[in-house]
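Please go over the structures that come below.
What follows is a pair of complexes built around chain A, which joins chain B in one and chain C in the other.
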Partner chain A sequence: MTGFRVPAFLQAISAWIALAPVLVFMLAFFVLPAIGLVQISFYPHTAGTVLTPGFTLAHYAKVLTDPFYLSKMLLTLRVCALVVFFSLLLAYPVAYVLVRGRFAGKGLMIGLLLSPLLTNFVVLVFSWILLFGPGSFLMKGLQPLFGAGFKLLYSESGLVISLVHVAFPYALIPVITAIAQIDKSLEEAALSLGAGPWKTFFLVVLPLSVPGALSAAFVTVTIVLSSFAFALYIGGDSVLIVPLLIWQAVRDTLNWPLAAALSVSSFLVIFALLGIGMHLAGLTRAQRRLA
Partner chain B sequence: MTGALHRNPVMVGLVVLTIAFILAPLVIATVIGFSSSPFLTFPPPGFSLQWFRRFLGDPEFIASLRNSLVIAGLVTVLGTVVGVLAAYGLDRLPRGPVKAVISGLVLSPLVLPIIVLALALFLFLANVDLLGTFTGIVVAHLLIAVPLVTNMVSAGLSTLNPSVTEAAASLGAGPWRNFGLVVLPQVASAIVGAAVLAFLFSFNDVTFIAFIGGADVQTLPLKLFAYIRYQLNPLIGAVSTLFVFSTLIVIVTFDRIVGFDKLVGIKD
Partner chain C sequence: MSAIELRNLTKSYGGLPALQPLDFRVEDGEFLSILGPSGSGKTTLLRMIAGFITPDAGSITIGNQEVSRLPPERRNLGVVFQNYALFPHMSVLDNVAFGLRMRGIGRNERTARAAEALDLVGLSGFEQRLPRQLSGGQQQRVALARAIVIEPAVLLLDEPLGALDLKLRKRMQIELKQLHHKLRRTFIYVTHDQEEALTMSDRVAVMDKGRLLQVDPPSIIYARPRTAFVAEFLGESNLLPGELRQTADGGTVFVGQEGLVVALTTGQGEVGLGKAALAVRPERLRLVPVDAAAAIKAVVETVIFKGPWLSLVAHGAGARLEVLLPNDGRTFDLVPNVGETVALGFDNADVRVVEAAT
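Coming up: the complex of A and B.
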């Protein structure tokens, strides 16, 4: 390399100049508010005032030991687990066909499958209210099958269905990426050794795409916890999941420290689960290597 | 040849059912928007454009639509500029702990539940008196738009051949000229795609705006959010139709410019 070269220090400075706006922005509006959130979660709550500085563990004790909050935490975990399961169940066949199939209009088909991600949540909520509402054509068709007491609006199953719909695109993308990375010749080898196509799918494709499924699960849980508009209008008071409890603590009971403690604890629970998931995935891969 | 599982009837059936499940609610909301009835009967007894007229003739809805467009426009421009600069800066940093910490900091808003971010920002903005202001909402949306752009443009930058930039540098281009004339044109489609996603995020957001919006700054989603609490009529269907069609236009255009297959990494 001969000729003029940009001095190394100038290159380094240019990187920092380019990073300056984002660093200032993130420090001011992400790091500081995050610290504030943790701090406020320890403030005592006195009715009538909004925020009283101080230190108490009462909110965490309430969230983690009070039977009401404990049962709602478990309900939230169950809703998350169901949404993850069904999103993956739908995402795998679609992702496999998209990756291995050869047909025209693939890009557009992906676009349509991702459309819930690009549509306004209020529109989606409205559509589900329309479908699940008493007297809708869907309910008229389903009630003879499941009995007159069957309902989807203000029920856990209805909430799960609507959340699978909105979470599906987020689950699809990592699963597509994971399957696209699997070497085709591994599947061919399994097939030529006499494994049927389904056996190959379950014994080769599925295990090799576990990292993708895990990141899909993680994003799905994040979506479930974010979409309180669904919780508010489709689950309502009969399915009080954590995002709705946070909303109610902010808007209705004005107990901001409790809302903060709920956010921090649900955040910690997700990261613990993510850690366990990654640990288990790493373990099984290590075991396979040993075998 | 692989085991043709992608042509297996069970597999294809599942895919068709999934597509139907994804599209059905949007189709139904669209059809209801053309209803001639004041009630949400499906299928509608007749068709009319009355609900579109009601929506377009309501000054409050139009004002909220204008707010939404202005906010999304600002978020797109600011988010794209800051996000592209951040991606470029990250690309130039040497691999190591400093880079890992900075990219972790920039991208972490994307992995947190939005409700946690919204609550943190709500408490913070209440403290500095920016709750329910224009600035507060733009800041909130940038919290997602900036990492979104950084993430997509970083992915684009990582596929570039470094020798092109080195050649430009050895011919005398400084880092900024190099950035503007060599690097940017090569990742233009990633930048356009990222800008579109940033716009859509801001335009569609309900969670942030429900927490930190206020009576003074109503966006269209917030207005609708409050509206469906008290009344359910085909008006929301008409708005949904407008949303669904603009989304479809965006999907087709985006597919032309960037390509969804390329976006998810299965272009062959």
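Coming up: the complex of A and C.
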């Protein structure tokens, strides 16, 4: 019996056939609009109109030199950095215990930890508003400790706390994967050589899981920048991170070109920083390879 | 000063015993092999000495210190792992210097000492390489250097040559033996390879099913196995079924099948009267004239030429018998044909009585 043979020309283009639907979709709904966005960011802004074709660098100059916008850009970077830091700080011990530990109910534990993934963002936002709001049991408990002026709603700490909660499961998964790939005998070797548990973690586990930590950071930053509902309702006007500035420019001042310029520049800055981080991690590995 | 004493050491997992209560002593500077099949508890025992597993009961004394409740990082032991366990993100030098760094030794001194250890294992000039740029044999040498540079009280080796090819293995066996001689430290070497254990050790400890069966020097454990398992696991052994009986004059005889009767002297076994098996090594059987007394009559099944040896497989006295005949220029003239009946003789001193096969 002779099997059905795929014609050669079909074989040659089969990879493209498989990719085509997604490519077309991305081109139509992401690449082209993104190009449009970049284009709009160069349009001049005229009060009273939304879009006036033209070319100006004024919005970029404003975003990158105006102290107000610069400080908000730094604030955004700081919120990203804090959320990444605390997410990883929480994710590492949990991931380590889940990978190395042997205990009953491990599956249930993982399910519990990942459950925020299944909860609607809007539900999460309103839960945090209630929790941080005046008169909540949390605030009643905390205010005697930190003074009556202490608040979490409409504050940077509150925003960071709630974002860490959202980002944590997303950060946990890559860290689990990275730790699971580390051979346990490496840790035993370190212990037998006299490194205590802490040194073993910092000298062996942590450096070997850097790729996982970087992808966790990448996902976390993406979440911070896209969890607009959190920025709007938990940080509010007190924590004007870039997504909120964009929202204001689009809705309140109708300065769409400025919104586009903010969007493009924050994208470039943040992903350039992450890219440098990944490059450095990759570079040190490559250097060790060559040395 | 670095003898190891194990007393009543026990471990079970979920009610299943991994290690039956176990006592023995490893002398200072001794090369002791723990030999056993997988699942025999040999790795459990090693990991317990290293501190990676806590025993349910019993004590481990190294030198004069009871260590069974100390964490591994405070036991000052060198461990060499089967998969080498080199830190992939550190250079060879940093790997070897790691233990010194943990002991707070300054950079210059630890670099010098690590270089010295690398020299000892023949890897000078590889300091700046990464582990993955080395061959398996080289990685194993780095692992050795890393373990010995901290001058541990005892070196624990967990099947360290298991992943190497045969030729390299043989060479590393000799190098390890020389290293042991040079360092004069206690080595505990876990292996499932009986030849490796015989080649390298001062004493061999044979384990099976979580029990320690026998601890003796290689020549003694080979000549005088205490149990059928030891007889068969270390080298080949022919086990003839039969019975141990008392004679009228107070002596002991082994009565086998097909009229085999062997008079025994004391010290040839540790089993009581009744069902038993007679163990005799293939190379201790020889061809004798067919009319000789106290010989096993057997029918030849296979004849295999092996160069220095000729191997016969024959059936007699209720067992399948393997015979190794030396290629000494005389014996081969007598080689029988397949299907022929031969008489296999042995010296009574060359047999051991062990418990009957179950």
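As a working rule, the second predicted complex is superposed on the first by the 269 of 291 C-alpha atoms of A that agree within 3 Å, B and C clash if a C-alpha of one lies under 4 Å from a C-alpha of the other, contacts with A are read in each partner's own complex, and residues count from 1 in each chain.
Keep this in mind: a contact is a pair of C-beta atoms (placed from the backbone, for glycine too) under 8 Å apart; a residue touches a chain by one contact, two chains touch by 3 or more.
Bear in mind the structure is a predicted one, so any value in this text is a computation, not a measurement.
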{"item": "First, second, both or neither for A:Pro33, with chain B first and chain C second", "value": "first"}
{"item": "Which superposed partner A:His45 touches (first chain B, second chain C, both, neither)", "value": "neither"}
{"item": "Touched partner set for A:His59, first chain B, second chain C, both or neither", "value": "neither"}
{"item": "Which of chain B and chain C A:Phe218 touches, first, second, both or neither", "value": "first"}
{"item": "Which of chain B and chain C A:Leu208 touches, first, second, both or neither", "value": "second"}
{"item": "Comparison of chain B and chain C by chain A residues contacted", "value": "B"}
{"item": "Chain B versus chain C as contact partner of A:Gly196, first or second or both or neither", "value": "both"}
{"item": "Which of chain B and chain C A:Lys72 touches, first, second, both or neither", "value": "neither"}
{"item": "Which of chain B and chain C A:Glu188 touches, first, second, both or neither", "value": "both"}
{"item": "Footprint overlap on chain A, comparing chain B with chain C", "value": "188, 191, 196"}
{"item": "Contact set on chain C toward chain A in their complex", "value": "50-52, 71-79, 81, 83, 85-89, 91, 98-99, 102-103, 128-130, 133, 146-147, 150"}
{"item": "Complex contacts: residues of chain A adjacent to chain C", "value": "183, 185-186, 188-196, 199, 203-204, 207-208, 285, 288-289, 291"}
{"item": "In the complex with chain A, residue positions of chain B that touch it", "value": "1-8, 11-12, 14-15, 18-19, 21-26, 28-29, 32, 40, 42-43, 81-83, 85-86, 88-90, 92-93, 102, 105-106, 108-109, 111-117, 119-124, 126-127, 139, 142-143, 146, 150, 166, 169-172, 174-176, 179, 200, 203-204, 206-207, 210-211, 221, 224-225, 228-229, 232, 236-237, 239-240, 243-244, 247-248, 250-252, 254-255, 259-266"}
{"item": "Residue numbers on chain A that touch chain B, as the complex places them", "value": "1-6, 10-12, 14-19, 21-23, 25-26, 29-34, 36-37, 40, 50-51, 90, 93-94, 96-101, 106-116, 118-131, 133, 136-137, 165, 168, 172-173, 176-177, 180, 184, 187-188, 191, 196-198, 200-201, 218, 222, 225-229, 233, 243, 246-247, 250, 256, 259-260, 263, 266-267, 270"}
